[in-house]
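The next block holds one structure in the form of structure tokens; read it before the comments.
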Amino acid sequence: MTKAEKSAKTATKAAAASLHASKGGKAAAKPDAPAADDTPIIALDLPMAKLTPAMSAYFKKCQDKLGFIPNVLVAYAFDMTKLEAFVAMYNDLMLGESGLSKLEREMIAVAVSSQNRCYYCLTAHGAAVRQYSGNPLLGEQIAMNYRAARLAKRQRAMLDFAVKLTSQPANIEDGDREKLRRAGFSERDIWDIAAIAGFFNMSNRIAAATDMRPNMVYHGQAR
Amino acid sequence: MTKAEKSAKTATKAAAASLHASKGGKAAAKPDAPAADDTPIIALDLPMAKLTPAMSAYFKKCQDKLGFIPNVLVAYAFDMTKLEAFVAMYNDLMLGESGLSKLEREMIAVAVSSQNRCYYCLTAHGAAVRQYSGNPLLGEQIAMNYRAARLAKRQRAMLDFAVKLTSQPANIEDGDREKLRRAGFSERDIWDIAAIAGFFNMSNRIAAATDMRPNMVYHGQAR
Amino acid sequence: MTKAEKSAKTATKAAAASLHASKGGKAAAKPDAPAADDTPIIALDLPMAKLTPAMSAYFKKCQDKLGFIPNVLVAYAFDMTKLEAFVAMYNDLMLGESGLSKLEREMIAVAVSSQNRCYYCLTAHGAAVRQYSGNPLLGEQIAMNYRAARLAKRQRAMLDFAVKLTSQPANIEDGDREKLRRAGFSERDIWDIAAIAGFFNMSNRIAAATDMRPNMVYHGQAR
Amino acid sequence: MTKAEKSAKTATKAAAASLHASKGGKAAAKPDAPAADDTPIIALDLPMAKLTPAMSAYFKKCQDKLGFIPNVLVAYAFDMTKLEAFVAMYNDLMLGESGLSKLEREMIAVAVSSQNRCYYCLTAHGAAVRQYSGNPLLGEQIAMNYRAARLAKRQRAMLDFAVKLTSQPANIEDGDREKLRRAGFSERDIWDIAAIAGFFNMSNRIAAATDMRPNMVYHGQAR
Amino acid sequence: MTKAEKSAKTATKAAAASLHASKGGKAAAKPDAPAADDTPIIALDLPMAKLTPAMSAYFKKCQDKLGFIPNVLVAYAFDMTKLEAFVAMYNDLMLGESGLSKLEREMIAVAVSSQNRCYYCLTAHGAAVRQYSGNPLLGEQIAMNYRAARLAKRQRAMLDFAVKLTSQPANIEDGDREKLRRAGFSERDIWDIAAIAGFFNMSNRIAAATDMRPNMVYHGQAR
Amino acid sequence: MTKAEKSAKTATKAAAASLHASKGGKAAAKPDAPAADDTPIIALDLPMAKLTPAMSAYFKKCQDKLGFIPNVLVAYAFDMTKLEAFVAMYNDLMLGESGLSKLEREMIAVAVSSQNRCYYCLTAHGAAVRQYSGNPLLGEQIAMNYRAARLAKRQRAMLDFAVKLTSQPANIEDGDREKLRRAGFSERDIWDIAAIAGFFNMSNRIAAATDMRPNMVYHGQAR
């Protein structure tokens, strides 16, 4: 069996094991801790493909920077074309140039995922909101009900649009775009809000369809 | 003004003009015909960027093969990174290798877009279903209510999953995946159904958020 | 077996056959064309009754004027009392005197049927909107999402009322009627909007309950 | 001012006055009783037309048999064509020959009107269920939540179909018709269930659109 | 068998029997009257506990004042702690000091119960609205669709808030509270509206979960 | 100003201040930490009343055991009758004798609060699920989407019932109760599930209506 034939399931178990080891003393201190929830990563049995050099470098970069490979990447790794397309779109939207701050983009991710009740994305991007904002409450509030957060008008308008676009896409009209303009967003910003909200409406559904499990490490980040 | 500074709006008007010309006598015969509906393509004022060589070649290929550039591509062309990421993902999902036929993939696109009442995608992908199937009724039925179509069990199971994933993503569970397996779909096929349904949940929302208008030419195709 | 004992199913097959014949060369040119979708017309086995003289004349008039008998009439023809009541109400609402143009009435029919996703009515009345308006796009847009159509304020107010009345009848209040008055509609016009929206909420459900199939000829009309 | 120019509003006031008189002592005993709720009958100002001989006879028959003219008839009486079409369809569906008992037809009327929260129809047809059944509870239960009523399997299947047809018409499929057949309903019975459910989906909306008020006398009937 | 072991079911049958007797002649006159609907009171088999002295006194007071024990109390009587907690909260909210009149509190109970389609609460509290208001119509209208009632602005604002809080609790914001303040409600009044609406959202669900049946006597009260 | 006249707002600020102090070094280490989110506790200005001896003892017990007074208690403390009724009902349901474990009761609280998107209850009872279960993931999963949790059949049946009772109370029928019995629940257990689900449908709405803010300390508990 070649490396390329290892399934995502197996890959995940290994990842979970190494994560477990890295948590060291804490796990030892809690002998009755729940078994890792992130194995297998998805409910489909899809053999992991051999990583292309670009993806191999990207996974290494994740490991170095985050300390782990986000499970969504492992899930997509059964097919390099799909993985590369996903990574290109994700990185442009969430990390590329934009009039929206990275925190604002993560806020959209979480508000959309809350509407769709997506366990994977709420966990991973809730952690990101906590980290970028340095405000553990903010991640919780947006995950639970963004209307409970004390948001600036700009961010409130942004999330109102993203949530309406999620729950009632057919009802978006000029007035909705005007509200964003009045809140100070540029034409390009409006595109970015729409594109990020759209992207998580896609990702939430892929996660739901495959029962994707987030890396356990997210749960404790930036609390 | 450089070519790169031309806005999508302007580009679209030109495209519409040439389309109009190409319809020739018909337009002349109907002097009170409605003005082209696809100008401007979107309700955001986003200057078209200079196409990269790859995208320039791709647009040329569209023009040669289809006779027009799909408006969604013109809409994304304000930013080459976004356009390339969109094209890569779209082409893999809809035209790449898959256990789903191209017709089946378009059927998912239309059934999802019907749930979300997306004018752009229903028009463009409704035409594709009519073309791939050679059955003008099928495109209409899936656009209107896929339950009205006389589908094979396989396709019915596929669309039931895609539509549930669209309208109630939080409720998808093992039983839903099992129904697809029993209908003969492989693990990889299930991913593809999910990924295409997810993709159109994204695209429907970007189209809704920007009031994207389909090329007029779709309306008459394959009737 | 008397003529009166022929079932609607049989009658429809005959009708379909003659329609098929009338399409002549086209059908021949496409040997793998889908079987006619409109046989049987409904999923209930209801023997067609002997037409009363009035209804016989009416069917003849349809045949002469349209070239076919709309399937909804064939469906109702198992009972002359029901057929005559339906025809009387339909003709008054859709063709009788009114402050609403015939096109406006068909627009209401399509917008309501889109909310209810009624295959029969979207097909038959979508064709009517295309014909009356001379605008193939308009029929498509109202069938897909009336908010995507570039409507005059009057028509937009009319469809907003019809769609709210369809989806949230319990929430209609004085303010909704006032919006129609401000858009220029008279008291009588408001009744007519309500009555037509109501009528299609009835017809959509009878079509759904019986799986009524539209005459195939509608699909190609006025494209 | 001719008789034909009298508005429905005026007609209703007169009707209410005579009803008031006929309640005699009771009204006198409760001097602070609420003003009659049924004036005006509708929120549109539509002059009552001169009754045709047929409708004049019909109104007289109502007065003789019921002791009052149902307000829905007064509301329609601004236009004899509309009134006659409504009366013809109503009388066929609710009083004509059918495999459904008159009580069953009224049960459908009330269950549908409960879904749509129609004040007029719940009042008028709730009274009818109480009268036909001799069971005051039954009318209340179906108006409030038909699932709370202790129904025979046949009636339960009938109302399940009518209520699904009301709230989710696009989802009705062969399985739903099969349930009715298994509950003992004929093909013709299924049509009748659908047609009555459809009719009240129309009437509920006309009542909602016009704020139609039921005759006060219904409230106390058959308690 | 001790008294404490008697089940609620048995207790109810006895209650129903005595009620039946008390209706005397009427029941006799209608030999085919429906069997009492309120036996058993709930669909769970929960033995009635021995009443504490306080609850025994309270039941006696109910019997003396109302002529019967409301079935909800009998249902809770399987556990004295639960019964006492329910009675304490109910009596404070519905009968204690408040800026809301007792009628207004009952109006909230009915409007909330209508949203949730709760047979028990609509019956019991609909009777209370009829009694407190001396207006039989008002109880009917709020049970069917509170928007059909001709309410003073104050009461309309109160019910709008209670109904939104029932159907969309996550969407309540400062603006909703402001509307109540502008309608003249104090801070304390707003709490009371919220607490009563909340209480019936609880009670409606306990009634639904247990199929709780109202005492038959409510149906005829204050008509 | 007497102690009894201090408003809940003031009381909360003091509480927040003392909590802040108690977090000591951590707060100092993060000088840009967000301001406490739990001041004021609610959006209504309701002066705190003088605690009765019983409630004074109860608050002291909370302080001793938990280290803080849950904000919901401070919110209710404007009126001792209301506070005592709430405390009695809460303590019986969540801490009294029951066939459901305390963890199971908290799971119901969180699943119901997730349906209603209640920030207060998700925060406070999410912490309780994490604590009782010793499984930080479980609290997160039930708060986000209980279907994502790997639950035993018993708990899954329990939450399915609680969630259906929350979102569709009118549709609960015998079959739903039967599912609980088949999962091993007694009649009394079913009452408890219903009562707890009902209670949080009440509390979620009181929290929403008053914009109730949870004590900040919950956020970090048992992570």
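Per-chain residue numbering starts at 1, and chain names A, B, C, D, E and F are given in the order in which the chains are listed.
The rule is simple: a contact is a pair of C-beta atoms (placed from the backbone, for glycine too) under 8 Å apart; a residue touches a chain by one contact, two chains touch by 3 or more.
Just so we're clear, the structure is a prediction, and the values are computed from it rather than from any experiment.
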Steps needed, at minimum, to go from chain C to chain E via contacts: 1
Remotest chain, chain B as reference, centres from CA atoms: E
Copy pair chain A, chain B: interface residue numbering same or different (half cut): same
Inter-chain centre distance, chain B versus chain F - centres from mean C-alpha coordinates, in Å: 47
Distance between chain centroids, defined by C-alpha means - chain C, chain F (Å): 54
Approximate Å spacing (C-alpha centroids) for the pair chain A, chain F: 28
Per-residue multi-chain contacts in chain D, two or more chains: 117-118, 145, 170, 173, 211
Chain-chain contacts as defined at top: A-B, A-C, A-E, A-F, B-C, B-D, B-F, C-D, C-E, D-E, D-F, E-F
Chain A-touching residues of chain C, taken from the complex the two chains share: 145, 147
Of all residues in chain D, those that touch chain B in their complex: 170-171, 173
Complex contact set, residues of chain A against chain F: 30, 32-34, 37, 114, 117-119, 122-123, 134-138, 140-141, 143-145, 148, 150, 211, 216, 219-220, 223
Interfacial residue positions of chain B with respect to chain A in the complex: 43-46, 78, 81-82, 84-86, 88-89, 92, 96, 116-118, 161, 165-166, 169-170, 172-174, 177, 187-188, 190-191, 193-195, 197-199, 201-206, 208-211
